[in-house]
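The following blocks contain the structures, represented as structure tokens.
The following pair of complexes shares a single chain, chain A, combined with chain B in the former and chain C in the latter.
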Partner chain A sequence: MSAQELLFAGFGVVAIAGALYSVVTRSLLRAIIGLGAFLTAVAGEFYLLAADLLAVVQVFVYVGGVVVLMLFALMLTASGARHPLAAIDRPRSGAVLACVIGGGLVWASWTVDFAEAPPAPDDAVGALGRALLGAQLGPFEVMGVILLASVVTALSIVRRERP
Partner chain B sequence: MTTAALTLSSILFAVGVFGVLTRRNAISLLVSVEIMMNAANINLVAFSRLHHPEAMTGQTFALLGIGIAACEAAVGLALILAVRRRFGGTDVHIIDLLRG
Partner chain C sequence: MSLSGTFAAGLLLGVVSFTLVGVLTAVLVLAERKVGARMQARVGPMHTGPHGSLQTIADMVKLVMKEDVRPARADAVAFGLGPLLVAVPAILSLAVIPFGAPLVMRDLNVGVLYFLAVPGVTVVGLLLAGWASYDNYSFLGGLRSSAQFISYEIPRGLAVVTVVMLAGSLSTVDLLEAQSRVPYIVLLPVSFVIYAVTSLAEVNRVPFDIPEAESELVAGYHTEYSGFRWALFFLAEYAGLFAASAFGALLFLGGGNGPVLPPVVWLLIKTGGLVFVGIWIRFTLPRFRADQLMRLAWKFFLPLSLANLVLAAAVMRAIA
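Let's look at the complex of A and B:
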């Protein structure tokens, strides 16, 4: 087992543990912290899959942005509770359904015999930048418009209406 | 490596499904949806590594997916704030204006 595969397995264990913790814990704050650990581990997986820029973007946007945004939303909605809690509804049937879906997906991915991955390009970040400003320019521009629209939407939703 | 990545993303997706099915708090639901979106992103990056890694199609897709997830979190949390202001809680079961 090479060092890369060992690291991949390690990050995978951290990711699964963080995700499981954030869906089974009753404390909302701990769920968000578990999500942060999960997202950081996924950034490590991206790096090991030769997606350097995506790993950095994952840390910046998710761990630095979305997690902090969720912490702020929790702070604003917690209504004075010191440890805001959330109930878990019908865990048994949910676990059965999740196991069926997950088992089916794992079975499907084990039945296909994938070819060996070709060597990663040397300049992965440069290639991604050329793709974004070349063949993929249209989706990239549309993404900017969607971001602007979502910012305006979020602001107009939370704005207090004048009497 | 591809099989390992697909297995990991399948397990993470199942964990997210469990969260969406069992949680009633809106913030917990958003956390579970983020877990599922990240599982999908791992899949995209793994297939980008397998097929034409120099074209970067899968990585572009994953990058746009991360952007969409950020938008979704911003709008979702704004909606949660508005619901909290109007209904006094973030439990999704208290929003029943359309129930007959």
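Let's look at the complex of A and C:
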């Protein structure tokens, strides 16, 4: 086993542990911490798979963006973060659903034949950039408009409560 | 290399980087106290070592030996994680700075993006630290600093984009080559000004130190911290200042390019110059108010950086 494989396995363990912790813990804040650990470990996996850009974007958008946003939202609630969450209503159906989805994913990754990955192109980042600002410009811009619309909607909902 | 060899090398690299950052912090703190003292017609620390040069070393030893106090109602996990998540990204952001041919730790082909992304994790640490302390001052400090960081990150990123457009690469090593004749401060002066001002805000320094404004928030997010954990915040601030200055030197001043002297020396000279300006500003300008700070980011720097980006792109298009 090479150092790289060992690191890959290590990141995998951290990712799974973080994901489990974030659903098992009763504290909303710790759930977000677990999610952050999971996302960071996945960024590490991307890096080991020679997807540098994806790894950095993962940290940029998810850890530095989404996790911060969640923490911010949690802390702006009066005392949501200090009280443990109540037990969920239907633990049995939830567990069954989770097992079905998880089992399906394990089965899929077991049966699919992962051929030797093709070597990454030299200018992968450039190619991605050209694609986003060339052929895929339309969908790319639509994404931006959707995000803007969601921000405006959120603001208008918040404002309505306090005229 | 064998497995154990790889891990030994990795461990050694970690210890060496942490030690270097510690030494760096000691030097920068001393420089800040000495320069600040001169600007206020004082002499600064004089008693420990010749001209007080060992004062910060003594301070560090004292800090490490101090008791680690945790408020009784603090959240243990978040309280411990906070300073770590502030210090580690600050140290990691140094990894992509090309100090010269043999001293590039990592030439990522997305080095510039890495430098913008990794310090962003600091915000998580600041929020956690502020919240976990169970103290209103800390809490407000944490919220303020993250709001400030997020606001100033946007114009800063847009200023860096103009540099990337001109160089045509996200790799820090390519940036150096692109500037071998003309440093980008000549071609992109507005971007440099935006980068310099927003960087001061990103590392929470005067006049943008609202999060730890002692006149209103005691010490902001690190009010309740002491000993080594507090030292980590301190370390992060100075590592952040150094990294932002080194990156400014790299993006706009041509990094290690220069005649006669080796690249490392040139980069350190340019970085030192920017750090000096940072210290100079600290002892010259008063602090902003929180609302002024937000207005400056969203109503001045954001439009300015967008206009700068469009103008730079148009000029590049016209010339090419």
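The rule is short, and it goes like this: the second predicted complex is superposed on the first by the 138 of 163 C-alpha atoms of A that agree within 3 Å, B and C clash if a C-alpha of one lies under 4 Å from a C-alpha of the other, contacts with A are read in each partner's own complex, and residues count from 1 in each chain.
Quick note on the criterion: a contact is a pair of C-beta atoms (placed from the backbone, for glycine too) under 8 Å apart; a residue touches a chain by one contact, two chains touch by 3 or more.
Every value quoted in this text rests on a predicted model; they were computed, and no experiment measured them.
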{"item": "Combined model on chain A where chain B meets chain C, clash or fit", "value": "fit"}
{"item": "Partner chain(s) touched by A:Leu6 [first = chain B, second = chain C, both, neither]", "value": "second"}
{"item": "Superposed model, chain A: greater residue contact from chain B or chain C", "value": "B"}
{"item": "Partner chain in contact with A:Ala19 - chain B first, chain C second, else both or neither", "value": "first"}
{"item": "First (chain B), second (chain C), both or neither touched by A:Ile101", "value": "first"}
{"item": "First, second, both or neither for A:Gly65, with chain B first and chain C second", "value": "both"}
{"item": "Which superposed partner A:Ala127 touches (first chain B, second chain C, both, neither)", "value": "first"}
{"item": "Chain B versus chain C as contact partner of A:Val57, first or second or both or neither", "value": "both"}
{"item": "Which of chain B and chain C A:Pro91 touches, first, second, both or neither", "value": "first"}
{"item": "Which superposed partner A:Val152 touches (first chain B, second chain C, both, neither)", "value": "neither"}
{"item": "Chain B versus chain C as contact partner of A:Leu137, first or second or both or neither", "value": "neither"}
{"item": "Closest Cα approach, chain C to chain B, once both complexes are overlaid on chain A (Å)", "value": "14"}
{"item": "Chain B/chain C common contact set on chain A", "value": "53, 57, 65, 72"}
{"item": "Residues on chain B engaged by chain A in the complex (per definition of touch)", "value": "1-8, 10-19, 21-25, 27-28, 30-32, 34-35, 38, 41-42, 45-46, 48-50, 53-57, 59-60, 62-64, 66-75, 77-82, 84, 88-90"}
{"item": "In the complex with chain A, residue positions of chain C that touch it", "value": "1, 3, 6-7, 75, 77-78, 81, 108-110, 113-114, 116-118, 120-121, 123-124, 127-128, 131, 139, 142-143, 146, 150, 170"}
{"item": "Complex contact set, residues of chain A against chain B", "value": "5, 8-9, 12, 15-16, 19-20, 22-23, 28, 31-32, 35, 38-39, 42, 45-46, 49-51, 53-54, 57-58, 61-62, 65-66, 69-70, 72-74, 76-77, 79, 86-91, 93-95, 97-99, 101-103, 105-106, 108-110, 112, 114-115, 117-121, 124, 127-128, 131-132, 135-136, 139-140, 143, 146-147, 150-151, 153-155, 157-158"}
{"item": "Residues of chain A touching chain C in the complex", "value": "1-3, 6, 29-30, 33, 36, 40, 52-53, 56-57, 59-60, 63-65, 67-68, 71-72, 75, 81, 125"}
